[in-house]
Amino acid sequence: MEIPKDNRYLKIPIYLLKSVKGGLGFTVILTFSILPFLRSFIVKYNPQTVGVGLPNQPPSYAHLLGTTSLGQDVFSQFISGGLIPIIVGILTGIFTSFLVIIIALPMGYYSDKLSGKFIALLTDIFLVIPTLPLIIILGVYLGPSVFNQVFVLTLISWPFPTRIVSSQVMSLKERGFILSAKACGASDMKIMFEEILPNVTTLIISNTILVIIFAILFQTAISFLGLGDPTQIDWGNMLYYAEQSGAIANGEWWWVIPPGIGIMLLAFSFSLLFLRIEEIMRDY
Amino acid sequence: MSSPLLEVKNLTISYKIKSKIVDVVKDVNFKLNKGDRLAIVGESGSGKTTLALAILGLLPKNAVVKSGEILFNGINLLKLTSNQWRDIRWRKIAMIFQASMNGLDPVMKIGDQLIELYIYHNKYSSKEDVKEKIVEIIKKVNLSPTVLNLYPHELSGGMKQRIIIASSLLLNPDLLIADEPTTALDVITQSEILSLIKRISEERNITLMFITHDISLASLLCKKVLIMYGGTNMEEGELREVISNPLHPYTKHLISSLLEIENGTLTQSKKDLSTYISFSGCPFNLRCPYSDDICKISYPKPIMVNDNSRIVRCFLYKR
Amino acid sequence: MAFKGYVVQRVLFFTYSFIILLLLNFLIPRFMPGNPVSRFVNPLMSPQAQHQILEQFGLTKPIYIQFILYVKNIFTGNFGISFLYYPTPVIDLIEQRLPWTLFLTGTATILSALIGIVLGLIAAWKENSKLDNMLVFISMMLRSIPTFWLGLVLLILFGVTLKLFPTSGYFSTSFIIYKSNVIVFIGNVLRHTFLPLITLMAYLIGGNLLIMRASTLSTLKEDYVTMLKAFGYNNRKILYSHVLKNASLPMLTNIGIQMGYIISGAVLVEAVFSYPGMGLLIYQAVLARDYPTLQGAFFILTLSVLIALLIVDILYGILDPRIRR
Amino acid sequence: MRKNRLGLSNIAKSLIVIIIIIIAIIGGYIFIKNQNHTSPSSSTTSLFSTSNTTYSVSSISSNITLTAGFFEDVTSLNPVNWFTISDLDVLQLIYNTLVEVNSTGLPAPGLAQRWTISDNGSIYTFYLVHNATWQDGYPVTAQDVAFTFEYWKKYHFPYYAALAALIKNVTVINNYTVEVQLTHPYAGFLLELADIGMIIPKHIWQNVTNPYNYTNLIGDGPFEFVSRTPGVDIVLKANPNYFGGKPHFEYLVIKIFNSVDSALAALQSGTLNLIELPEGTNLQPLLSNPSIHIVTTPSTMIYYISMNTQTFPFNNTLIRQAIAYAINKTQILQLAFLDQGSVANSVISPSLQYWYNPDVMNYSYNTSEAIKLLEEAGFHLEKGVWVNSQGQQLSFTLLIPNEAPWIEIATIIKQQLSQIGIIVNIQSVDPTTWESIVIGTHNYQMTLGAWRLYFDPMLFLEPSFDSNESGPNGLDFSMFNNATVNLLIQKALQSSSLSIERYYVYQIQYVVSQQVPWIMLVYGQDIWAVQGFTNWQPVPRYGLWYYTTFINLIPSKG
């Protein structure tokens, strides 16, 4: 019997870059990850240095996006602020996909057995817990740091992709090539990781991107609620400071709009990658 | 003789697959008179389902009709607007699909679907009349009226096919197209369904176009046959004659393999599809034992033989 | 009957989840550093005074007794007394907040589902058209906007600059003092709800549209759609009488799964618009280490998600006759 | 048409029905709740009766509401078992204290129109006003005062342990005279009473079995309690029978705001009349709004750095002094406070004019002095880092709550200290965690803090700098242990007159400034935004939030 090997995922990077959507998304993400390192060539101000200008100033030639209430340069903060969301997003994506592999494969493969059902139950329960309250509780408990944010976000984001992947595994295990592998006496481990895993990898990758988008949005939300690490410059923190100092009611748009646009662009770029991967899954 | 009910002239349809254009139906010609029962026989990929879909105007979005016309009662079906189609589809031409098992809305009761169908086409009928009519037709296809209260997933494949047959009778169509109506059914159900179709078309004098890959099934239902290969009509004639005296090398191959009881079917890997269609010569020439140079270069034209009772598309028969 | 079995299975899931949540709910708050008294500290607060307040809160009792009390409280529908709003019973706080959160999230969920369904259906029907591309683009944008930021921008624009909508609360304070007629009151509530509702819906519509579009596209490939065309039905009829119903089913499950997520969005929206709902209550309870309120609110919130899920599941069972697994 | 019988209509109908049901149920519920709200108490009848005050505006005062804003909601509204400063702020509008303070922060008549103090300073005799009544009509008498004092002794209320220990016994001389005997002379007694000594009605509280969560709020102050919606608002109503005069408005609504932003937005939209804004708020947009008045009043708020004096590196006074010199307080004032306040030197705020000692050590910004002190302490620069002979680096963690203005101040301090090679790591945690570390275990190196001082400075100096208070949960969280200061505190607590107490308070301020367990940064300023009302008189510590303000405020025309 013919054993279908789904190796499309190996070609994803190439297909990604070859399209407008993928290329554009990738460029934006790359730009925001590199900008912080090139900052010193672009602006002369350190994002954290206070009093480089008068406080609460609207955009001017010296300060392209004005200043904060501490007289910090908003433009400098803006170009430095994308790195942490990207790092948190991608790390969360990686850890989540590990968890998904470890949990979803057995969950789908043993879906008729008690163990599989138990994992499924746990996953469903995690889906039910209101996410943000849990993030707040854990955020307060663990204290602020980039790694803790990744941990919390991973803990929150695994159930959804796990369910999707496990249902795919459930349908795959009834297919002929799995049954024949079983008949040949392959161990469950071998079947799961050598036969099933390659066939769900593309699905996992596309779901990982969704998790990254989720993580980026929630990372900024955590920072915005003041549960992030306030000594780091990221877009969520910028908005938190802006809100704390009354910038919104005072109409200091130059401080409030750019970080939001940044987050939006970043999340949108990952959406473009997601869209492209969906296309690849459909067409190739 | 009156004008034919259905006449297909020089019909060529091509699909756009990954920026390549592939002719799936090529220069097909045939006529169907009222009351005729025509079998269209061909292996999968021979373009017979596309042909049927074209008659109902249901070609997928990536299909293009390159040339030809389909005349139904003298009207060119290829030029109808969507409003005009409403008067043709199911009222004049009904169709039983290969996949009719999945042809019913899964979240609606059978009865409701039939009522909906009838009322859609007969706006001013009263509900009681409709119910009565539907019960009558359901009995006609040997089902108990209780199925009307069930959902499609609660019925077996054969029962679902009967429902579709019943629905096709609902509006008394002139032409019934049955596209592999018995695939995926077990043998007993298969013969029951076929005899049902036969009985009904005889009773109501419905013109039948029966599409199958199995020439032996065709012989149960039809008098006439049209053999398709590579998207075109290879041979046409009385079914009996064609079986007893196949003219086209492909028909011969088909009949002999049937006699050898190789499963009754010829399966051909779909990968070959593009190889023979992109080819400018006779589509069968790669497999033809009589293949000649001309077969590789030019496309054969249909030729009338045996006192015009048979049509063959092969260079072996000239004049 | 199969449907009965399905309901039993869902109810069982409900019960298991309930028990596990009960445990988590007790443990999680107590793992947090600090105690409820920390917040009150000022130069008058001696260590003895701090101990006295802890004693009033029942936190000097051993942990197992606290647990027994907690379980007893849950089953008597009484979550104890709030530390943050001492001595208001937690149940009163929830009674005050829950309707507003349900009102906000419920309306947002249902409205965004309806809009998402209709637009997703249209987008899928006109796949790859300009309209479709535009709708997909807009919904991807909506999904990329951080909820709270959108709230802030709307607040600046319509609340502060244009003064079209109030900036906080669920109705004007004057209603607490002076009587007014029902219509004026409802109008006032709607004006206060408008911006938070739009903010919450923006995100949900984006997601719903994309899901509905995908599920419609796959429904359109089903054999019965071809059959319906052969029946001579026009596009409207096929779309609205058959495709819509079938394609909405995955949406329904999705709404169920999203429930916990929607509540999260509501927390942020409540924070931005100072809309005192359950989300803000939880947020404040966490910061103040108000265990009873935190437990009560978290419990009720999770319970309402579970109930919403149960309703969605049963609704699904009713709408989709195939459900039996 | 029957066409629409199926499909769309089914789902749409059911969804629409669900929406309508949800909206109807919740809407109905909300409305019914609200209807209950609207009839506050039996005293509704007085709602439309014109008051007897002489101002012409009083005729329209019956439907005027003053909306004020709080950033912290109240916790426990209970005149004996309150928990937070917000609680006290609201309770003081409902309950009178025996003694008030005047605009210089010294004792002034309140419920007691005058008092006498025995020569040794341990017996106080109070003469009450005769026309004070409880809001349910009973007169306020000496019985109530005596009952209140004994009540503090009878129960363990969190804030009354010190007063309960101080009061030896209470004698009712007649209906309007009461005599209090203290265990030892203490001049700060009157000021402490002015801060927290709210008198409660005997006829109500004598029957209460559990005073800790008793919620009936019948007081004798200028406002009556109407309702409280946790997290939303508190509604008070003017008391027409208040002996000190009736406010010129009917209702006082205190709205709870979650952020400065939402309060500013409410101010701009005209729905908020009075709020105190935190220092560092950008006031420009408010100043340009003609209907909003910004009033700044002296505040008793002090902002400081606290260092753990028992652990490296801050167990060395020289290091603490060096840090004090290395911090540019003026810059902090400019950037984090937008110049709203003044640079601090002593631990007592100058707005407590009587107690403030201006002649303390003044660590004005001087990096060379800081470097000199560091070298004196045995440190030397090695590759830009200060290291001592044992190889220990001068780097430490600054622990802060993750809120404004701490993050801003910490950022500035980190930057300033890095200029002379001192490495600061900022660690921010949520406020409750911060308090459990700093006050609970004192397990930190350096932190930032702020106190709002009471009228009696010893209420703050004793817990903060007496080494007896340095245990777990004690407020001497700098672990400051100085024999001189301990002794001075004991003396101050025994002083028989305010001037003697002031002598010791001056001394304590000096020694503390020399030892620098705390580096004083800034004295705060109360910034009030007022709109729609005029005629205010600020009081130290309370600013505009004092009952006298609410008696005096007049709605502005138009």
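Quick notes on this one:
A, B, C and D are the chain letters, set down in written order, and residue numbers restart from 1 in every chain.
Quick note on the criterion: a contact is a pair of C-beta atoms (placed from the backbone, for glycine too) under 8 Å apart; a residue touches a chain by one contact, two chains touch by 3 or more.
The model shown is predicted, which means the values in this text are computed figures rather than measured ones.
A count of C-beta contacts for the chain pairs C-D and A-C puts C-D on top. Relative to the whole-protein C-alpha centroid, the nearest chain centroid is that of C.
Using mean Cα coordinates as chain centres, the one most removed from chain B is D. Measuring from the averaged C-alpha position of chain C to that of chain D gives a distance of 36 Å. Here the CA centre of chain A is 22 Å from the CA centre of chain C.
Centre to centre, using the average C-alpha position, chain B and chain D are separated by 89 Å.
Averaging Cα coordinates per chain places chain A and chain D 43 Å apart. Those residues of chain B in touch with two or more other chains are numbered 108, 116, 120. For chain A, residues that reach two or more other chains under the stated contact definition are 140, 243, 248-249, 251.
Within chain C, the positions touching two or more other chains are listed as 32-33, 155, 160, 237, 241-242, 245, 271, 287, 319. For chain C in complex with chain B, the residues that touch the partner chain are 222-224, 226-235, 237, 241-242, 245-246, 249, 319-322. The touching residues of chain C, counted against chain A in their complex, run 13, 16-17, 20-21, 24, 28-29, 31-33, 140-141, 143-150, 152-153, 155-156, 160-161, 257, 259-261, 263-265, 267-268, 271, 279, 282-283, 286-287, 294, 298, 301-302, 305-306, 309. Partner chain C is touched in their complex by these residues of chain A: 121, 124-125, 127-137, 140-141, 160, 163, 213, 217, 220-221, 224-225, 239, 243, 248-249, 251, 253, 256-257, 259-260, 263-268, 271-272, 275.
Chain C makes touch with chain D in their complex at residues 32-35, 38-53, 56, 81-88, 93, 96-97, 99-100, 102-103, 106-107, 110-111, 113-114, 155, 159-160, 163, 166-179, 182, 185-186, 189, 237, 240-242, 244-245, 248, 271, 273-274, 276, 280-281, 284, 287-289, 315, 319.
Listed in rising order, the residues of chain D touching chain A in the complex are 259-265, 267-268, 280-282, 284-285, 331, 334-336, 338, 402-404, 407-408, 410-412, 415, 426-430, 432-433.
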